[in-house]
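Below, each structure is written out as structure tokens.
Consider the two complexes below, in which chain A is the common component and chain B and chain C are the respective partners.
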Partner chain A sequence: MKISVFWIGVAVALVVALLTPHVVTNEFYLRTAYTVLQFVVLATAWNILGGYGGYVNFGSAGFFAIGAYSAVFIYKLFPLFQVPDYMIFVMLPLGGVVAAVIGLGTGYLTLRLRGVYFSIATLALAVVLQTLVTNWHFVGGARGASILPPQTVPIFSTWGEFLFVLMAILAIASLAVARYIERSWIGRGLAAIRDNEEAAECMGVPTLKLKLIGCTVSGFLFGVAGAPLPYYVNYIEPVSAFNLVYAVNALAMPMIGGATTWIGPLLGAVVLGTAQEVARVTISSEMNLLIVGVLLVFFVIAAPDGFVGLARKYLGNRKSR
Partner chain B sequence: MKVRNLTIGRRLLLAGVAASAVVAAGLAAQPAAAQDKPLKIGFGMALTGGLAGAGKSALIGMQIWAEDVNSRGGLLGRKVELVYYDDQTNPATVPGLYTKLLDVDKVDFVVSGYGTNLIAPAMPIVIQRNKIFMGLFGLGNNEEYKYGRYFQILPAGPQPRRGISSDYFVIAKEKGMKKVAIIAADAEYAQNSAEGARLNAKEHGIEVVYDKSYPPPTADFSPIIRAINATNPDFVFAASYPPDSVGLVRALHEIGAAPTIKMFGGGMVGLQYASVADALGAKLNGIVNYDYYVAEPTLKFDAIEEFLTKYQPRAKAAGVDPLGHYLPPWSYAYLQVLGAAITATKSTDDKVLSDYIHKTAFKTVVGDVKFGPHGEWESHRVLFVQYKGIKDGAAIDAFAKPGARQIIKPEQYKTADWLSLDDGRKAMPK
Partner chain C sequence: MSDVLLQCSGVVKTFGGFTALDQVSVDVKKGERFGLIGPNGSGKTTLINCISGALKNDGGTITFDGTDMAGMAPHQRTRLGICRSFQIPRPFTSMTVLENLAIPFEYVALRGHRHASPDAEAKAVREGAMAILTEMGMADKASAPSSGLTQIELRKLELARAMAAKPKLLISDEAMAGLSNSEVDEILDILFRLNEQHGITIVMIEHIMRAVMRFSQRVVCLDAGKKIAEATPDLIVKDPNVERAYLGE
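Then we have the complex of A and B:
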């Protein structure tokens, strides 16, 4: 039986994720890593539709927030039935499923639009979702909702350690899903759509079906990335949950890393996310979006295929010598 | 041989004595070195994002406190150092910043940033480490936690949602008003405030004839004022943010209030800022609104004028609220409470300090402060002021002097009687 390097890497990454809280006891580093890993999931989720299929989604923050608010819904609902802690294991899949259903619905409604029109529709969707949540008092509405973390966490000594491991597993799983899609008939079909949708349709590629699959999987991953957010922040309100920063980063990270492969969003999220987190506590928070902006402009002009494109170019040149 | 041995022994003895002296000196110096270590107070503050203007002015107040304390030799002989980061007015950044402050920067104390949304995410982290936590303008952050080491400086009393508008409804009741219209922005403070207003209305037997929210990006408030007028309320309680407050006051001025409306205002954020007030000028006259400090003769708190004298030139240079009547004295005061507790107990132990703060009344730049069991003020002390005699383009000068914002409630600080909206518009301060 042949085991690929990728799956060995996945196994190693899982072991490292599980061991890290025992080695890194300082919660700050774990929480910083959580934020970076969250962006790995977001960037990967965006890339499935945006990178593989060429459909640019500006509504990422909406799907992410729906995942978060699904978790808040469960949190608010469960105490009514006296169910104890550790609801996060229910919240995670629920957040994902709700976001996936919305993704599927969005797909049906918007995928006949193309280019900038599709992007505007997704942005509008995020605004509609925010308005709905703002007026839904059960989940806190405009006032927001406080989420109290459980007093104890099994296996781990702090809630921060648990959240880190959880997000690391989600990041690894999302990369595995993205890699599977990229290398399967879905990824090849999405690539055909990206290159020329009419030609793909004429060649028998089931474009609508593929785009719907892309929307649903992408929505699911956005949702599961958002579901732990209420437990990370402990307080959630619509303005910050639907923050445009999530949408900008989810788009910029794959663009900088390389949007046509599963490894691009990983590279982009790690480099950009880490740079932002370091800048926040060293230079200034204002630098965060400036870093994103400057890098995005640079990569769009100088390296449109991101880090992956640069690496391919460099390695290709070396081989041809 | 013997002599030589003796010589070596003497050298050894001398070396030993010298070494002992060095070690002893080193040991003696250790506590001194600990004393020399600055006492670090950490916090996140909104220096960018939606609350940046207020956050920057609060930071100036905190820096003035640190300088004042350090000019007197610091706390327990240690210089005070403020360690702060920009929370970007984004709650998602707060957990990371507070773990950085506590686990990496190893600050001695953490205090909150500005506002309910930015206090809430820090609470579990602070509670997990059993640290004392001073809050700056949070509304009911400790209602669910009931954490014994949390103290909050907003003077809204033990039931903050109600306390913020309590006296506004007392005025209405005293003047025989029976019907209220409540209008609130769809956002955290405004919704909390509106909820408190409903409870206050119920307590005083006042009928709510209009109760609506509007989304924060609303630009045209004319339809809202028309809808309120159509219900003929006796008074209007508005809970709004600065841009909306400007919009509401302008719309009220353009369309006019229904003849039944005798009082307008209550919970409008922004009218306290000199720059907003300057933009509205004479349109403010007659409005009754909450405030925390105004230049009236009854509010002669300990060193408040000295504080404002230091604050105002800096604020001008930084381009933030030039008068500093709203937030900066409170950002100074919440550190003042912490500093006073450290000095009085001669301790930096969180339990000792929180026990002391619970049982002590503090004299601060915002007056006497006494906290209740869950860290809110023991009783509310929100001022309700009526704007009078303000001329267009001269609001900043008017706000700096007594007369433009006369205190109607509470009784102990009262400087003028309440006038109806129409009479207040015409009145000139005495």
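Then we have the complex of A and C:
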């Protein structure tokens, strides 16, 4: 029964996503929703390794920016204004695959490290990638690159509508992937690793293999989330693409939502993402990280299992499987 | 030699300049109840770590059931049939008791079995795990969170979880430390039953002499990384080397 409820939800969400551009005519709202949906993908991607497996990745911004710069790379292959509109469908998987390969490579190099050492290594990775991109002139280097989306838009009438629907589909797909992993042998093995890695290994769990799967899937999702960014912002440079905001949010949203289930990152991203966007327009554009910080401190102390933990506590169903 | 299940020959393990295991050779026969004793720091747990794969031995060979295990990861050794319990219980704390057992069940015992549906598989895991818990006298704790167990329950969970991997060789690393006399007897009964009814070879590491002496058919004593004696329980306590290791000159 539970399965069908989820897939009905997916179908409804898809229909809503496709209809929204026809109902909401002010593109500002679509752009805001894009940002929130992008955080849903980022939080979900982080959670696969960080929430299920207990390996805290501080380098999320690096994987995200790799996706974005893969798209820039393709854009730069064409003469100015000559990029075919369908190229976005090449940029997307390319961004994902490049980030996944880097995820796998990082996994091989760093997953023998445990706990905080792994986290430091991922942070260092992001810095290394940023330095490489800053010095790579083909994609704009430190000056950045101006990206003008093609004049024609696939399927929809404006890029704003297209990007919104694209990100909505990515968010739904990443949630489905996360939910599948959570309920499969991979998710159960990752949970054992999170609880006690030595015991998991001795109980027959191939810990390295599972962590590599986690790293790769997580990297792929970060990458596809980043690939549409150049078309969304129109101007991209390393400092903003590798911004700490992405890394902090990707980590804080699952923590605040509840890191052991696929719903947690969704809740965290929607609540936190919306709050930040509202604060950005109503109070100041510098408020958003403060909100994240305050909420994170509050939740770590008062509700370490996030919204999901709170809900279980007060609704009484300890296990919602 | 076909009745030898586990063969360690000339196993060496060094940590920097410190030699934790110095040419240790031990054979464990199929179906045997084998005791491993020695003072603190004598290398018992290091030897177990080398056998289970948590540490790589620097020299010598370890063969299990005819397979040389050099370079094998711990989870591969578990699939071959070696499973251990931990000296300090290491439950999967976010899971219930039953879910703890489901991990080795899914990853080892039912590995490669094709089930008609995920539900059928979940059912097979649940039933198999419940059978083990019932045998351990923990059936009523099946859905309890493993983080709230008492010390003896944690010890039993360690053994039950190891059993769920359907091992040929069970290594019990101080499963009784810190338990009361009656609790020690309870664990001993379980281990006897596993050995006699299920034919599982058991290696027991223990400081509680009463338990090792009663349980083991053969005992090896380590001291400072060397094997200093190997005999039946009643003979090993009279061995002058063992007396010296424990009591000094």
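Some observations on this one:
Note that in this section the second predicted complex is superposed on the first by the 305 of 321 C-alpha atoms of A that agree within 3 Å, B and C clash if a C-alpha of one lies under 4 Å from a C-alpha of the other, contacts with A are read in each partner's own complex, and residues count from 1 in each chain.
Methods note: a contact is a pair of C-beta atoms (placed from the backbone, for glycine too) under 8 Å apart; a residue touches a chain by one contact, two chains touch by 3 or more.
Computed from a predicted structure; not experimentally measured.
Greater residue coverage of chain A by touch, when chain B is weighed against chain C, goes to B.
Once the two complexes are laid over each other on the shared chain, residue contacts for A:Thr260 go to chain C alone; chain B is not touched. In the superposed model, A:Val205 lies in contact with chain C only, and not with chain B.
In the overlay built on the shared chain, the residue A:Arg194 is in contact with chain C alone; chain B does not reach it.
Of the two partner chains placed by superposition, only chain B is touched by A:Asn234; chain C is not.
Residue contacts after overlaying the shared chain place A:Ser119 against neither chain B nor chain C. By the touch criterion stated above, A:Trp185 is placed in contact with chain C alone, chain B being left untouched. In the superposed pair of complexes, A:Thr110 makes contact with neither chain B nor chain C.
Of the two partner chains placed by the overlay, only chain B lies in contact with A:Gly160; chain C stays clear of it. Across the two superposed structures, the residue set of chain A contacted by chain B and also by chain C is empty. Chain A makes touch with chain C in their complex at residues 185, 188-189, 191-192, 194-196, 198-208, 260, 319. Within the complex formed with chain A, the residues of chain C that make contact are 52, 54, 73-75, 78-79, 83-84, 86, 90-96, 102-104, 106-108, 111, 161-162, 164-165. Within the complex, the chain B residues that touch chain A are 47-48, 50, 85-88, 90-97, 99-100, 102-104, 117, 120-121, 123-124, 128, 144-145, 185-188, 190-192, 195, 213, 215. Interface of chain A with chain B (complex): residues 26-28, 31-32, 35, 131, 134-135, 141-144, 146, 148-149, 158-160, 229, 232-237, 239-240, 243, 245, 277, 280-281, 284-286, 288.
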